[in-house]
Structure formats: structure tokens, C-alpha cells
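In the part that follows, the structures are each spelled out as C-alpha cells.
Next, two complexes with subunit A in common: one pairs it with subunit B, the other with subunit C.
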Partner chain A sequence: MLVYTMRRVLGALPVLVLASILTFVMIDVSGDPLADIRMAQPPPTEEVLQQAEERLYLDRSMPERYWLWVTGIGGNGDIGLLQGEFGPSTQGPHYDIGAAIAERLWTTLRLVGAAMVFALGLAIITGVISALRQYSKLDYTLTFVGFLALALPTFWFAGIMQAAGVKFNQLVGDQIFATIGDGRFRAEGAPLWDQFLNAFAHMALPTIVLMLISFASWSRYQRTSMLEVMNSDYVRLARAKGLRNHTVIRRHALRTALIPLTTVVAIGVAGVIDGAILTEVVFQWRGLGDFFITAVDNNDSFALMGWLLLSGTIVILANLVADLLYAVLDPRIRYE
Partner chain B sequence: MSENGMSKSARRDPAKKRKKSSADQTQLQTILIRFSRHRPAMISLVLLGIIALFAFLGPFLWTWDHTVYKEIPSNQPPSGTHPLGTSAAGHDVLGQLMRGAQQTLKVAFTVSLLSTAFGSVWGATAGYYGGRVDAFMMRVVDIFLIVPLLVAAAAIAGNSGAGTSWSAIALIISIFSWATIARVVRGVVLSLREQEFVEAARASGASAPWIILRHLLPNAAGPIIVAATLLVAVAILAEAGMSFLGLGIQLPDISLGQMIGSARTAVSTRPWLFYPPGVLLVLICLTINFIGDGLRDALDPRQTRVRR
Partner chain C sequence: MTTEYENKGHTAVADTDDVVLEVSDLSVTFPSDDGPLPAVRQVSYKVRRGEALGIVGESGSGKSVTSMAIMGLLPRNAKVEGSARLLGREIIGLDDKRISEVRGQRIAMIFQDPLTSLNPVYTVGYQIAEAVHAHRKVSRKEALARALELLEIVGIPSPEQRLKQYPHELSGGMRQRVVIAIAMANDPDVIIADEPTTALDVTVQAQVLDALQRARRETGAALVLITHDLGVVAGQVDRVGVMYAGRIMEMGSVEEVFYRPRMPYALGLLGSLPRLDGDRGDRLTPILGAPPSLRDLPSGCGFAPRCPMARDRCHEEEPRLLLVEEGEERRPAGEGEVDLHSAACHFSEELIEVDATDLFKVTSVDTEGAESVAEVERAEALVSEARDGYLDEDGAAETADTSAEPEILLRADHLVKHFPIRSKGLLRRKVGAVQAVSGVSLDLRERETLALVGESGCGKSTTARLLLNLIRLTSGEVSYRGRPIQGLSDRRMRPLRKDLQLVFQDPFASLDPRMTVTDIIAEPMRIHGSGRQDAGRRVKELLELVGLNPEHGSRYPHEFSGGQRQRIGVARALSLNPKVLVLDEPVSALDVSIQAGVINLLEDLQDELGLSYLFVSHDLSVVKHIADRVAVMYLGGIVETATTEQLFSAPAHPYTQALISAIPLPDPVKERTRERIIVTGDIPSPADPPSGCRFRTRCPKFAGELSEAERTKCVEEPPELRDRGTGHQDACHYSQAVELI
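For the complex of A and B:
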């Protein structure tokens, strides 16, 4: 198992390196970090431009810049991923990209995590029910709901949920759902229960929105996998032994049917991150979505690279965990 | 779309076709008949056709296009002269909707074409050669799969400032969506290349590009068509998301995502600005997904539905 784990981790490294090259080249080629300065009125002097170029390392060649971005050797101490520095920002010398990401990472990860957990739970339940009652009215309804959820644009649904939340608050006459902001600062220092209530009020609607996109495809997947297992020989054997239906489903079928879901969920992480950006914008959270938009608006190349590489790393890690889980869960896989 | 209407119109269709004897069917006929029996897919095809007519013919028939007119009063709820109301700046929402749907469809189908063309050649080449070539080419695919599609595309579009014309948007989305196709095609080709007809072609001296283009890809057509169809829906949502963030198609041009983006704060005060573009987006994606499902059943009955 240890060898297998090591091999998987080592196998993920080249992917990470290639991903960093892709991210760097794409952002570096596509944008001009100095665009805002060049457009300024009155036009900047040659000196100002040169200073900015030097500060952003634009006076070096692209391969040099990539090497600098990764290692930070030969820089001014504000660059080098391996040293934990994300590089200088166009948003001023005092804007620390790494600190900004760290500050917002928790906000976004909290939302992504909650949405994934709930989506997974709901997907398993509905998928199994759909499979057990194949071709029933319930199955058709759930299938249609799944198709509908797959076709829903996240941000549109988020807008509807936000409006519905406001309506609901008016109806009840109390602020049950907070429809704006992530509520990070309001609860500081409050008793634990109040903090929980505050977090719930802010998180409930965005979580529902974000949950729905991944729920749909995972539920379809769970249904297929459950159907496959229910028609297999060993489940028939378990029934033939005279085990109760409930035991067969829970102890025999469901356990096997859950295995393929790990891969699907890992692949789905990228989609959830996409959705989180949109959801955060609608609900005006100050998370990584807001960070991303600000970075794009400011042509902040290093911030964008850092962001893309971070999300890429999260997806790679998720896939790695899925691979390892797979090896633990599926006895058919040998890991020598 | 009521349940009753669905069943009636679809039941009539296969009955007509069943009169033909099944012995003298060509492969294409078999596929068409199988597809026509897929009720949701047939309804979706008709619906998508209507939406396409609305998007591409509508602008020629309707009085207003998607631009600002000073004759149009601002912020009017739906009325006889403006069936879907007007925007704050003085747009006719119906005119905007037609243009928006048109841009959305153009982007989505271009993305699907470009990614499918490139992705299937990439995947087939990797699958045909195997070994190190395959390992390297699929690593590249992996990398394009791990960057979140929407974020990456939005970053490029926003960073380069290219996010104004629909063709630029289509190109950028394609860069990040061909990898799914490549993966599907490689899987199919891996099993195809072991079959006798490929060996025969090789034995008679056919070159690798010839085998890939003339033998492998046509035989992988089923899964490719299905994946391409489903990619259309993915592209639509990606474009809508980009335009919603303000990094896709931009004013004075319009897309459905951008319409929703600008109506975001008016959900309850001016609902006629917010709901129509969203409903249209959902309808387009829904029909395309159903068509994809029907195509899968018709072309490739063994494959189970696996979607990213």
C-alpha cells in the first residue's frame, strides 16, 4: 500500500508541473499587466513604465520569468512558489497575493465542502431509490429533476434563490436567510450558538445552489451503478441465501455501488469550483470568486496564475485521494 | 410541456415508421428509427428547431433588434408593443432575447465543432500509437481536464480583453473543452485498433494518418457524435457563465448570460428582464441533453451515461 501511495503521489507531480507551465504560458501570453498604466491620463513617463516593468519582472524573458515564478531564485524576495510567494501584484506593491488568497480560501472551501457533502448524500439517496424503483413514477420524476438541474445555469438559479430568500424573510418577518455577504465579520467574538446561526443564515442558500449542479450528475451515476450491482450474481446469491431484502441492499449492493462514485466526485471538483465562483458573485461573498474577478479587472497576471494553479492543485489532490480510496475500497484492485 | 402533449405527438411517430419491414433497413435508417422512438429526444429536437428559428429568423421579422432605441420607453413591463417589456437603457427585451439566443447557439455549436475535430484526432492518434506517445498525449489531456473550464476560459478572455466577439469566446472555450472528447475517442480507438479491419489496412500498406482518418474515426462516430452533442450544453453554460461575469460577450452585443447578469439586481422589481433569458437557457440545455440521450440510445446502446 505504501509503495502504491508513493507511486501515485510521484505520478501526480509531473501533472502538477505541466499544469503550472500551461497556466503560466496562457496567462503570460494573453494579458498585459501594464495595460492600465499605459492607458493612464496623462500618459506615464518612460521612467514610470520601466519601474513597473522591473517590479513585475517584465524586463526578463518568458522562460526566465517562469523559472523565477516557481523558484524565486534571483528575484526580489516577493516571488517563488516554492518559497510560498506568489509574485508581485499590479494592485500595488503592498498587495500580497498569497495573503489575500489565504484570507479567502477558507470562505470558499467552506462553501465547496458543504455543497459537496450535501450533494453526495442526496445523490446517493436519490440514486439508490431511483435504481430500486426503476421505471416507477418516482424514478421518472427524479430523472427529470436531474436533467433539469443539469440544464440550470448556476447564477440564474442563485438569483432566483436569493429573491426567494428575501421573500421568505419578508413573509416570516424575520431575517432567517442572509442573502448578501458571507457574514464573516458579524459573528466574531459572539457565543458559539450565535456564530453557528449566523453561519447557517449566510451559507444555507449558496450551499443549496451549489449543491444542485453536482447532485444531478452524481445521482444519475449512482443510479446506473446501483442497477448494475443489483443485477449481479452475488446479489442474486445473497437473495437466494434467504437474506432479508434490507440486508441485501445495505450490506451487499450499496457498498459495491458506492465505489465508482469516488472517481466521479473527484472529477466533479473542477465543476464545483466553477460553480462556487458564480455563486459567490451572486451572493456577494468576499471569497476566491471575488478575488478572481478583481484579479482579472486589474490584469493581475501573477494573481491569476496563482489562482488557477491553486484550483488545479485542489483537483489533482481530489483525484489522488479518489485513487487511493479506490484502492482501499475495491478489493479487485491489487496494488503491488 | 405537458405530459399529455408529449405522449400524443410521440406515439404517432413510430407507428408510421413501423410499417416498413425491418429487413431492408440501412444502418442509418435503423438509427433514425431508434432515435425517433425516443420520445423526449424527438420533442426536444422539434423544440430546439423552434428556438433556432426564433434566434436566427426572428430578428428579420421583429421590429426591434438588440440595440438601444430612443423611441423605446425604459423599464416598461410587458405590453402589446413590447411583449417582453423593455430594459432601463431602452432595449426591447424580445429583440435582445432573439439576438442573445443566436449568439449563444453560435458559440456553443462552434465550440462543439472545433473541440470535436481537434479532440477526436488527438484521442485517436494517442489510442492508435499507444505506448509512450499515448502516455504523453493523455498527460496533456489530464492537464486540460484539471483546470476548471469556466474559470480558465474567463481568465483568458478577461486577461486578453478578447471577450467581445462570439468567435473569440468560442475559440477560448474550445481550448479547454476538447480534452473530454479526446478521452472518449481514445477509449474507443483502443479497442478498435485490435480489430481485423485495422490490421488488414495496415497489412495493405496504409499509412497511420490514413488509418486514423478513414478507418478509426468513422468507426468511432457513434460515441463522438454523442459526446459532441453533450458538449454543446456544457459550452452553453460556460459561455453564459463568462458573459454573466462580464468576461464574455459584451455590450453593445448581447448574450443570454449577459442579460441575466445585468438583470441580477432586478429579480423581484423587474422580473421580465430576469426570467426570460434564464428560461430560454434552461430550455436550450435541456433539449440538447435529451437529444444527446436519444442519440446515445440510437447510436451506441451499450454505453452508459457518464458525464463530467
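For the complex of A and C:
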């Protein structure tokens, strides 16, 4: 098991390096970080431009820049991923990309985490129910809901939910749902129950929006994999042994039907991060999604690179975790 | 154990002659879009304590559905009617809690495919212990101790270790023994075994059947053995029921049913079976037509459309299962008459002293599509016409010099094929090799059938592929008509491909579902750029040649049954007038009544077209029927080769002997009285074969008869293939011819 883990971790490293190269090249060739300054009226002096170029390391060649970005050797101390520096920003010399990412990471992770946990839980429950009651009215209803959720565009649904939240608050005459902001600092220092209410008010709607797409596809997967297992010989043998139905479903069917879902969920992480950007924008959260949009607006290459590499790393890590989980869940994998 | 239950059981058992399972008028119907499908219709039988009852039938006859219905394992939408009483207590329609108490405790079941019957994520020990826990309040330790004991009973080596292993670490035969262990965990009264050995090799089948017998002795359970294999039934059960189209058509002691069948279907089944104890000259009699679709069952007797004796009455009135004993009037078997022979046929008495060949027609045309005997005769006329046409094109000169010594067409010299095993790491280093074929030499002469037999994984299919240069040799030489073909490029190989054609095992996967039959058969001609103008005519001729309706060329493969598709595969192979056909398990996927027709076809084609066959098969009965010479393979090498006659009358290698004696004969008396040579264990991994003689790890001679010094020779020196005074070649240091049949 240890050897297997080591091998998987080592295998992830080259992927990570490749991801960093891809990230760097893609951002570096797309757009000029100084475009705004160049277009400014009145035009900036040659000296100002040169200074800006030097500050953003634009006076160096592309391979040099990549090397600098990764290692920071030969830079001004504000660059080098290995040293924990993400590079200079176009948003001013005092804007620290690393600090900004760190500050917003928690906000986004909270949303992504909650959405994934709820999506997964709900997907398993509905998938199993659908499979056990195949072709019943309940199954058809859940199938319909699933496809509906798959078909809803996130930004549109987020807007609808926001409007619905506002309407609901008006109807009740109290602010149950907060439809703007992440509310991180609002209840600081308040009693625990109030903190919870505050978190709930802010998180409920965005979480629903974000979980819906993943929930829909995962629940379909769970239904298929459960159906397959329910028709398998070993489930029949488990029944033939004289085990009660609920034991068979829990111990023999569900246990094995969960295995394929780990891969699907790991791959789905990328999609959730995607959705988080849109959701955060609509609900005006100051998370990584907002960070990403601001970076795009400002042609902030190093900020974009940092963001892309971070989400890439999260996806790679999620897949690594899925691989390891797979080995735990399925004994056939371990010794290979 | 639940005492209440036992008490009930005992009071009921007191009457009638100790019947443990009584099924009466059991019917199962599945709903479908085309209306209800009656899969099982009014099946009744009784099983007495400790008795073994066989249920035989072809695929789709409803034999498995019946047992699933008894176990309550059918999907919820199945409609089950009638009754099944276990120890006098009704078990059909019990709720989950009640049926769970019965299953596994009173009645246990063994399924067909051991590779999928065990849950891959739990250890073997856990899964056996689980069966114990389901019915007894015992500690984990006690349950595991019982599991260990059970594994010992079913004959699994080093059971202590096995308990901790996962199913994928065990071979198929071992897994099936684990399933048997689970079935006997709570000493049930009845064990239902549904095709328990169908997925296994014959030598392993023998071991598993042996384990099943031990399980019965140990628990005293009655056995219901469901199978399509008449040989297995002959050796294992006391009484047998023959199922067809969802009904039991004949029921009686095995001897009665096998020696004096009173229902044309049973007679036909026995006649269509190639037999190890039969003569090579015997022709097989396929049964006309195909089993009826459950959607539109005939109104009268289910077998009437295929029955050569059918009359008006048969088409109108469904016959009941009535006694056929001499001196008894025809009435249903009553109380205490479980043993008596009964059949569901209006004209049973006409079958006294009748042979299969008297009733059924020996034919090689497709009988599945045919509706009547007249149609078959018409098709046969077309076949002979088509053969003349085929030969004309072939050039008559070929057939002229039959008197001369037959030319050697294909010759293989020390073929070796190793598949590399690579490490899983990034570097994918070569860490070993699967020695699939190691040093096989053989030659195939003109107009002869050479059979390559062996169990799965022995390298027989790989050898066939090497001979056709479809995969690259590791070393060795292959020549066709004296011309070496190994290492030829695809382009240079192409002209030779015309002469060397292949027929595959799986009739479903080997035909492109998106092409019409005409396109499929014409494709080889198109590739070789021949017969472009008259391809249509030629395809028709080929269809007639293989006994199919030439009008069906525009159909797609899915519209044909397995046997018909295999005929299409043969027609495709023949389209280029080949000299050699390599047949890779051509009939192993077919039901016996269909298989017979295809075997007849292959024999006729060879006689009349002068083909050479390399016949790859695991089925010795078929091989004995069709082959001139046989080469027996074990773990990548040939262990014995001889003419069919010599090999079956005086096998010299212990493996050949074991193989022959492991094949069940469809003859109850012979099957039970014959001498057996049993091998133990499974085939070793070809990645790490034993030193010296590769068979020594399973060899009964090595284990039993040889002295220490003699054994050393087996361990150190690989025996070469040569004649050791038996008149044919074998690869055993201590070979000795034995008579087995």
C-alpha cells in the first residue's frame, strides 16, 4: 500500500510540472499586461513603460520568465513559486497576489466543499432510490429532476435563485436568505447559533446553485452503477445465503456501487470550480472567482497564472485522492 | 436454528416418501412490451431426501427461471404462480423476513459463473462466515472456524491462507468450491446447482463435481442439478427431468430417460450429441427448427413444430406429463410413484425401440430457419448444386491426384511465443514473459483434420494465430507448402491469405453488425480484387453451400441465430476457395441440437471440397467426431499427438488420460462404472511454468506411482515428444498406454 501510494504521488509530480508549463505559456501568449498603460491618455513616457516592463519582468525572454516564475532565482524577491511568491501584479506594486489568493481561498473552498458534500450525499441517496425502484413513478420523477438540473445554465439559475430569495424574504418579512456577499465578517464574535444562522443565510442559495449540476450527473452514475450491481451474481448469492434485503443492499450492493463514483467525483471537481466562478460573481462573493474576474479585467498575468495553477493543482490532488481511495475500496487494485 | 420451523418441517415429512421439495404447477410469467412471456409453465416435481434430480434443457428452456422462482430470487415484476413446498411448508410468496430464514438454511443455491458469484471487495473467509452468521448466533471466531472446516471439505488446498484472500486471487474452480462451501454452510436440506460447471474446464469440472458430491455426503442434502450437459447429468443424478419451452417434457430415472426416451425431444437431444464413446463414422442428427419464442408459443405441444412425428393432434392439444411404464395406463404419476417414467407426448408408445437416426434426419443444412422436412430437402438439393458450382470454379485438376501421398500444407517447427510482462511503473521494464507457446511443432496435410485440444490457457488459440502469421513469432518457423511465411510483411502475406482462412469462436462478435450478410461474405473477395462482377451470384452460391437460404443475403447478422451466424462465418471463409481453414472453437458457443448441424456441415464440406482443417477445441467429444489426428496441448507445449483412433483407444500421456476420463459420457451406466484418472489443482501460470515436465505439478503418476529417482527426472528434464513404444508420440518419460473408454 505504501509503495502504491508513493508511486501515485510520484506519478502526479510530472503532471504538475506539465500543468505549470501549460498554464504559463497559455497566459503568457494571450494579451499584453501593459496594454492599458500603453493606451493611456496622455501616452506614458518611454521611461515609465520601461520601468513597468522591468517590474513585470517583460524585458526578459519567455523561457527565462518561466524559470523565474517557478524558481524566483534572479528576480526581485517578489517572484518564484518555490519561494512562495506568485509574482508582481499589474494592479499596483503593493498588490500581493499570494496574500490575495490565500485570503479568498477559504471563502471559495467553503462554497465548493459544501456544494460537493451536499451534491454527493444527495446523489447517492437519490441514485440508490432510483435504482431500487427502477421504472417507478419516483424513479421517473428523479430522472426528470436530474435532467432538468443538467440543462440549467448556472448563471441563469443563480440569477433566478437570487430573485427567488429576495421574494421569499419579502414574503416572510424577515431576511432568511442573504443574497449578496459571503458574509464572512458579519457575525464575527457573535454567539455560535448566530454565526451558524449567518453562514446558512449566506451559503444556502449559492450552495444549491453550485451543487445542482454535479448532483444531477453523479446521481445518474450512482443509479447506473447500483443497477448493475443489483443485477450481479454476487448480490444474488448474498440473497441466496439468507441475508435480509436491507443487509444485501447496504453491505453488498452499495459498498461496491460506490467504487466507480470516486473517479467521477474526482473528475467533477474541475466542473465545480468552474461553476464556483459564476456563482461567486452572481452572489457577489469575494472569493477566488471574483479574484479571477478581476485578474482578467486587469490583464494581470501572474495573478491568472497563480489562479490557474492553483485550480489545476486542486484537480490533480483530487484525482490523486481518488486513486488512493480506489485502492482502499477495491482490493483488486492494491497489488497491481 | 429456528425451532418452530424444524417442528413444522418434521410433521410434514412424516407422510409420503420423505419428500423435501415438492414443486407443483409452478408457472412464471414475465411482463414485456409484447405481452406476457410465459417462461415456465406448470412445472411439477418432487425431490426426496438425499436424492439427486437433474433438470436438463437447452438455453431458454426455463430451467434456471424455475429454480430462481423457488428461491424467490426473480425480479419483482415476474409473476410466479403455483406452489413450492419445502419440508411441507409453502415458500412461494413469502415476505423478505420469512424467505431469508429459509434461504441458505433449508435451501441453498450455487450459480453458474464462479468468477462473478463472489463479491470482489470482501475476503473469502468473510463471505463464508457471513452465510453462517445469517442463520446462527455465533461469534466471529466460531464462524471463521466453520468457514475453515468447510473449505477443507470442498478440497481447497491451504485453506487457512485462502480465508484471508480476496476472490480475484483464486482460480475459477476454487471460487466455485468456495460457493459450494457457502451453500453447505448451514447443512441445508436441498441444494440447487444451476449449471455449476459450465464455465469451467473439464479437469476442473471433475474436481468441482467431486466437491459437490462431498458436500452432499456431508450435509445429506438433496440436489437439484440444472445443466445442459447430458454427460454431467448421466453421472451425477438419480432422476432427470427434460425441460423444453418452459415445461417438463419427460421425467424418470436417468437410465430410463437415456436408454428408453419416450419423448422425441429427449431422443433428438441424445442423437445430436457427439459422443466420446461413439464411432467417428456416426452421423449426428440435428433437431429441425429452433426452440419456439416464448412470445408466441404453439397452441399444442411446444415441440410439435420441430417434431418429425407431429400430427394434427399434436398441434391442437398440449400433451400432459403422463406415465409411460409398461402395463400402466397413461395417467399422471400419483403419490409414491416418484420413480416412474413419464413423458408429455401423445404418441410415446411409438418411440419404443426407436433410434435417433430413425426419427431425425441426418443433415448439414441450416435446420434453424427451416419449418418443415420438405424445406430441408429443398435446401439440400441446393447445397449439392452449389457444391458442383464451387468445385468448377476451384478447378477440377485439384481433385484429380487423390491417390498420391497427401502433401503437407502447413508446417510448424518449434514455434515459440512469449508475451512480455511489463512493470507498472513509469519505465515499464520487462519483468518476465508469459510463455504462451513454447516449442510446438506440427504439420497439417492436405484433406485432413488436425485437432488442437487443451484446456483454456494452454496456448492452442495462440498457436493457431501463429500459424496464420496473425501475430509475430518469438522464434520458430512456419511454412506453407514449403515456403516460410514467418516474418512476411502484411503485403507479401496477402496472396497467401486466400489459401489460409479463419473461422472464429464467437458467432456474435465475429460479424460486423452494420454490414449485410452479402457484404460480409463478399468482403474477402473485394479485398483480393476477385469476382467483382459476379460477386452477387457467388455469395448466393456460398449461402446455399453452407445450407442457408440464399434469399437472406440482404439481411443483417442480428436477424440470424448463433448456428446460422456460424454458417455465415464459414461461408465468408470459403469465399476465396481456401485450402486450409483454421477453426477456432467453431461450435463451442452453440446449443447441442444446433451444434450437430454445423459439425455435419464441416464434415461434408471437407469431403466434397477437399479442405484441410486445423480444428482448435477444448471439447474432446467433438474432436473425436471430426478429427483425423489430434495434438493435445498443455501449458504451451504438445504433450501427445496421434491419430484420433490411437489417441482415444490408447492414450499414453497422463494428461490425455485425465482429460479423456474427465469428459462425462452421456450414458449413465458407462459414466458411473468407468475408470477415472483425476488430476488435482489448477493449471500453473504460463508466466512461471514448472521446471522439467510442465505437467508434473498435477500429474497423478508423479504424485502416486513414481519413485523418488524417477521423479527427479521429471523435475529436471523436460520430456521430448517422441514415440515411446506406444505407436504414437507423447511427451512423458514414463508414458504407458491405457484403455479408458
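Brief remarks follow.
Everything below uses one rule, namely that the second predicted complex is superposed on the first by the 334 of 336 C-alpha atoms of A that agree within 3 Å, B and C clash if a C-alpha of one lies under 4 Å from a C-alpha of the other, contacts with A are read in each partner's own complex, and residues count from 1 in each chain.
Just so we're on the same page, a residue touches a chain if its C-beta (ideal position, glycine included) is under 8 Å from a C-beta of that chain, and two chains touch if they have at least 3 such contacts.
Just so we're clear, the structure is a prediction, and the values are computed from it rather than from any experiment.
Within the superposed three-chain model, A:94 lies out of touch with both subunit B and subunit C [touch as defined at top]. In the superposition on chain A, contact is made by A:256 with subunit C only, not with subunit B. Once chain A of one complex is fitted onto chain A of the other, the partner contacts of A:243 are limited to subunit C, with no touch recorded for subunit B. Within the superposed three-chain model, A:217 lies in touch with subunit B and out of touch with subunit C [touch as defined at top]. Touched residues of subunit A, counted separately for subunit B and subunit C, are more numerous for B.
Look at A:137: by the touch rule set out above, it reaches neither subunit B nor subunit C.
When the two structures are aligned on the shared chain, A:273 is found in touch with subunit B, with no touch to subunit C. Residues of subunit A that touch subunit C in their complex: 7, 11, 232-234, 236-245, 252, 255-256, 259, 329-332, 336. Those residues of subunit B whose C-beta lies close enough to touch subunit A in the complex are 139-140, 142-152, 154-156, 158-162, 233, 237, 240-241, 244-245, 247, 257, 260-261, 264, 267-268, 274, 277-278, 281-286, 289-290, 304-308. By the touch criterion given at the top, residues 71, 73, 96-97, 100-105, 108-109, 111-113, 116-121, 130-131, 134-135, 166, 168, 179, 182-183, 185-186, 424-426 of subunit C touch subunit A in their complex. The residues of subunit A lying in touch with subunit B in their complex are 14-15, 18-19, 22-23, 26-27, 30-31, 35, 147-148, 150-156, 159-160, 162-163, 166-167, 217, 220-221, 224, 267-268, 270-271, 273-274, 277-278, 281-282, 292-293, 296-297, 299, 301, 304, 307-308, 311-312, 315-316, 319.
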